[in-house]
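Heads up, the next two complexes both have subunit A, just with different partners, subunit B and then subunit C.
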Partner chain A sequence: MVEHRPWNDIIAYAILTLGVFIVAFPVYVAMIASTHDAATVVGGRMPLSPGGHALENYYRAIFVGGSRTAPEPVGQLLLNSFISAIGIAVGKICISILSAYAVVYFRFPFRKTAFWIIFVTLMLPVEVRIYPTYKVVADLRMLDTYAGLILPLIASATGTLLFRQFFMTVPDELLEASRIDGAGPFRFFKDTLLPLSITTISALFVIQFIYGWNQYLWPLLITTQDSMQTIVTGIKKMLVTTDELAEWQLAMATAVLAMLPPVAVVIFMQRLFVRGLVETEK
Partner chain B sequence: MEKSAVFNSSRLLPYALLAPQLIITFVFFYWPASQAVLQSFKREDAFGLVSEFVGLENYHALFAQPEYYRAMLTTLVFSTLVAGLSLLIALLFATQADKNLKAAPAYKTFMIWPYAVAPAVAGVLWFFIFHPSLGTLARPLRGLGLDWNPLLNGNHAMTLVVMSAVWKQIAYNFLFFLAGLQSIPKSVIEAGAIDGAGPMRRFWTIVFPLLSPTTFFLLVVNVVYVFFDTFGIIDAVTGGGPAGATTTMVYKVYADGRLGGNLGGSAAQSVVLMVIVIALTAVQFKYVERKVQY
Partner chain C sequence: MANVVLRDVRKTYTGGFEAIKGIDFEVGDGQFCVLVGPSGCGKSTLLRMVAGLETITSGDIDIGGRIVNQIEPADRDIAMVFQNYALYPHMTVYNNMAYGLRNRRMPEPEIDTRVQEAARILELSTMLDRKPRQLSGGQRQRVAMGRAIVRQPKVFLFDEPLSNLDAKLRIAMRVEIRKLQRRLNTTSIYVTHDQLEAMTLADILVVMNSGRVEQIGNPLDIYQKPATTFVASFIGAPPMNLMPLRADEIRSQFAGDSRAAGESGILGIRPEDFVISAETIAGGIALDLTVEAIERVGAETFVYGTRQHEIQGVAANPGELPPGEVIVRIPGAVAPAIGERIKAVAPRENLHLFSADGRQRIEL
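Take a look at the complex of A and B:
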């Protein structure tokens, strides 16, 4: 550091603490709201300290469901979110590591074409082609199925690009060495390339899990049964009613539950998360 | 760049390896995207039974709608506010976290976790705090004499949506700004200090210019974020209302197709959006190439 002035550090701490406060406040309020009973929350004079109804609210949200607005208990929705988020992450990793392997380690006609066909998908997020995609999924009879929740979201190039980039950094000597040992494409992939890719795979998994978990528009469109919703789309349904009837304490408990898994992933796998985020954006 | 050591013996294997991704991409990407383009030149009756080719009629109808220009304007205002504010705030926090503080790593963790919060959930959290009748912060606002009601007042609704979107995006921008700041060589800054430049002067004449690739990259990413990822926030907080005050272009694609049943018009809007995104992506790639030389 060039100069060290105590007041400079104090200002930095003050600004950062303010930042952390702003970042945490909405979540804190939601957590508090999920521990009070309905009357306290709706009354508009909710205290900023925890109430005594936490167990009751979370139990009702997860296993029973709201009485009027959201009959479906959140437990099922949490399960749906887990299945689709993990499905999206694993599915994307599987198809993209294979296609990257083909593009990098093989020479064949139309190789460049195949790469560009995949590459172009980067440009158009699912939001701009929702209805035609909906129609395809409906024609394939995938509405209200996990396949319908997962497959359209893994059609993207980010994973392929990430693996391609990583494979390019793997020294050529490794391939030559394993060829001398008599290894074919399968053995080289399984014994050499896959073990080397573990960090890249984990980083991509973290990013894709969060991406899959936080999907909103797509699950909203293709699920018609309440039991197939994800938790993120379920919260909205709890609030679609006249405000007096919305059970805010349950909605806030649901919001906390919906945040927990992806936030835990970011906090406990911070290194992988940062790596995945920075590298998928390259 | 190409690998020099490759497998040449297998003829069919590479196609088999590519097949899963190509099939999924064709079924769920190229087919629907081409359908969107086709549909934008057609008109369907309410039951989807008859569709006829109408040429550019959907586009003419679209650009004759005052609501469409309003959605464009809303999108412009919304994206300027969200991108501008979240970049500024994140830069402020990142410059502080870049100082040699003992607790800097802890602050970093505390700043980045909102990235993991779903946009729709972020919207619900902010809606709850600023809910006109039960919000924790709505009461003080009323105490100040402001008739706060995002359910009825379009500007209030826009403010709320902007706050939620900025809150959610600070984490991302913070992370990239911090990485950018930490990659600036300390020697350059020390050289500035030896020449007698104070902290502010050093920031504006040395740090900020060196950070410009990061800033530009983030600007593009943020605009794309505002266009698409904020759908969840808008739908959860305002549903595009009140009276269309928070209907962005993406929200209108959704609302016209679903609520209005106007699939041709919705498809035409999709195509307009596609053109915008492709233009943005092209700008981004041009920048990426420049960074390689940088």
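Take a look at the complex of A and C:
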């Protein structure tokens, strides 16, 4: 933009501020609601300033659990979510970096075909293949297990694609220099490719951690025990009540707790994340 | 220490493209061999075949009395310096040099001795803890050299190692490389497209063109007696002037010389072999030129002239030649004006004659 009119700036700031407000206000309300007692929240007139029940609400949410509808304390749910999100992120990084390494650096029959088969899985997220996947997981007796929560979400092509694109930018001479330096395929991978991929790995970690953390449909389907729920499904269950008022203040406390780990991951890995997507260091 | 022998080496890519069409030569122990040629002539491919990075379709490559066709690059006892250096970006200078030795399970004190020694030779001692991106182009180049030196290999392979450097540094590094090679006395094969690098570095010069060897020999011999018009125009800058001659022109120009008689051919004269003079030289050649352009370099000046449709053999009748441009080198900065008519003469012993297809030199 060449023009510099004050009105343009004012309008732009107004629109952006409005956008931030639209996104941030519900979050703010959730945080406020988690600090009041049940009566205030249900009362219909939602205060916009913090109340005095924060400690009590969070303590109950994490360690005690709500009333009959959501008997499991959130602490366990957080742990479940954490394990499955980490499992999905780490598992996905492992299989995608290895498959990309195979596809880029090894010449084997049907290499292109293998790549395209991997590529096609992009069009088949869990939601699309949910029935067959459920059947497989059930047959393998993985319902209500961490393996069942993690494994089906690991298999997809996004990571492979990301690593493939990165590997293709690594100069061939590095591989050749390694060969002359006496490094075999494993050494080249461990000593050269892996250290160079650190930023890409962290970018993928952030994406996959949040993807795993936010999973709703799949955990809802395959977990029947309350102790195996993830926090995202747990929130929902707190609100489904019969003949009883939902404990909104606890649900809101849980929602705020559910937001924290992804926010933390983004904050701590933001620099690496951006570098991984933008910059290539060679 | 080893010699390198290539016997009828060929490379055909899947798809039928023949990159290397049968090459034989030998590099003696401790010699510096330069492969030179235009881009796409197969010189890099050939070097990579010696390194083991490309497979050999047929023929043998022999390093130190051992045929290495099927041997992995790491086991050929060679070290290679790449054009873009190919340093490991995440390793320090020290680790870049030590990596190959560690992979060979050399004891750490021995590695340290070798790396420190190489760093001292290459003046890298103060930079061992830096990463490659913190180094200048010339320093990276030296690290790449260091990585080759610490291995103490039988053969050094250089793949256009200087082409990423600026002109001044290139000349400095060229001298460095030559001194280093003399000092270590390691057999070396060096690929370049720069004929000046080739001339100054080589003990043996191999001029390549489209997958074949055009000429092998001592650089000065090649300069003085190019075997083909390709070599004649590739070695030497500016290139040799080449003028087609008809049979009758050859007869008149080279009367009495039986080897040159009969057929049409190509006459070659180096720009530096001309003298601008009103006097003709007996047995030599004289060209009437109109000056078209002047390039002053300082110590010398290049005069671009067009020929006036005739070549004046002094000994015999002048014949007609198709018009063409001729480059004349004169020492100093005093040059004729543009548009001026000049006479450029060259003595008989500085003339080169080639067969009409340019593939064969005719000795005069």
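In this text, the second predicted complex is superposed on the first by the 260 of 282 C-alpha atoms of A that agree within 3 Å, B and C clash if a C-alpha of one lies under 4 Å from a C-alpha of the other, contacts with A are read in each partner's own complex, and residues count from 1 in each chain.
Operating definition for what follows: a contact is a pair of C-beta atoms (placed from the backbone, for glycine too) under 8 Å apart; a residue touches a chain by one contact, two chains touch by 3 or more.
Here the structure is a predicted model, which means the values were calculated and not measured.
With subunit A as the common reference for superposition, the partners subunit B and subunit C occupy compatible, non-clashing space. Touch criterion met: A:151 reaches subunit B, while subunit C stays clear of it. Look at A:181: by the touch rule set out above, it reaches subunit C but stays clear of subunit B.
Of the two partner chains, neither subunit B nor subunit C is touched by A:141.
In the superposed model, A:271 lies in contact with neither subunit B nor subunit C. With subunit A as the corner point and C-alpha centres for all three chains, the angle toward subunit B and subunit C works out to 90 degrees, nearest 10. Residue contacts after overlaying the shared chain place A:106 against subunit B, while subunit C stays out of touching range. Contacts of A:232 after superposition on the shared chain: subunit B is touched, whereas subunit C is not.
Once the two structures are superposed, subunit B and subunit C can be ranked by residues of subunit A touched, with B on top. Applying the stated contact rule after C-alpha superposition, one finds that A:190 touches neither subunit B nor subunit C. Here's the short version: in the overlay, subunit B gets within 7 Å of subunit C at its closest Cα pair. Shared interface residues of subunit A (contacting subunit B in one complex, subunit C in the other): 176, 179, 281-282.
If you check the complex, the residues on subunit A that touch subunit C are 171, 173-174, 176-177, 179-183, 187, 191-192, 195-196, 281-282. Contact residues on subunit A toward subunit B in their complex (touch as defined above): 1-4, 8-9, 11-13, 15-16, 19-20, 22-27, 29-30, 33, 41-44, 46, 48, 94-96, 98-99, 101-108, 111, 114, 117-118, 121-125, 127-133, 135-137, 140, 151-152, 154-156, 160, 167-168, 172, 175-176, 179, 184-185, 188, 210, 213-217, 220-221, 232-233, 235-236, 239, 243, 248, 251-252, 255, 258-259, 262-263, 265-267, 270, 273-274, 277-278, 281-282.
Residues 1, 3-8, 10-11, 13-15, 17-18, 20-22, 24-25, 27-33, 35-36, 39, 89, 92-93, 96-97, 99-101, 103, 107, 109-122, 124-129, 131, 133-136, 138-139, 167, 170-172, 175-176, 179, 186, 189-190, 193, 199, 202, 217, 221, 224, 227-228, 231-232, 235-236, 250, 253-254, 257-258, 263, 266-267, 270, 273-274, 277-278, 281, 288 of subunit B are the ones touching subunit A in the complex. By the touch criterion given at the top, residues 51-53, 72-75, 78-80, 82-90, 99-100, 103-104, 133, 147 of subunit C touch subunit A in their complex.
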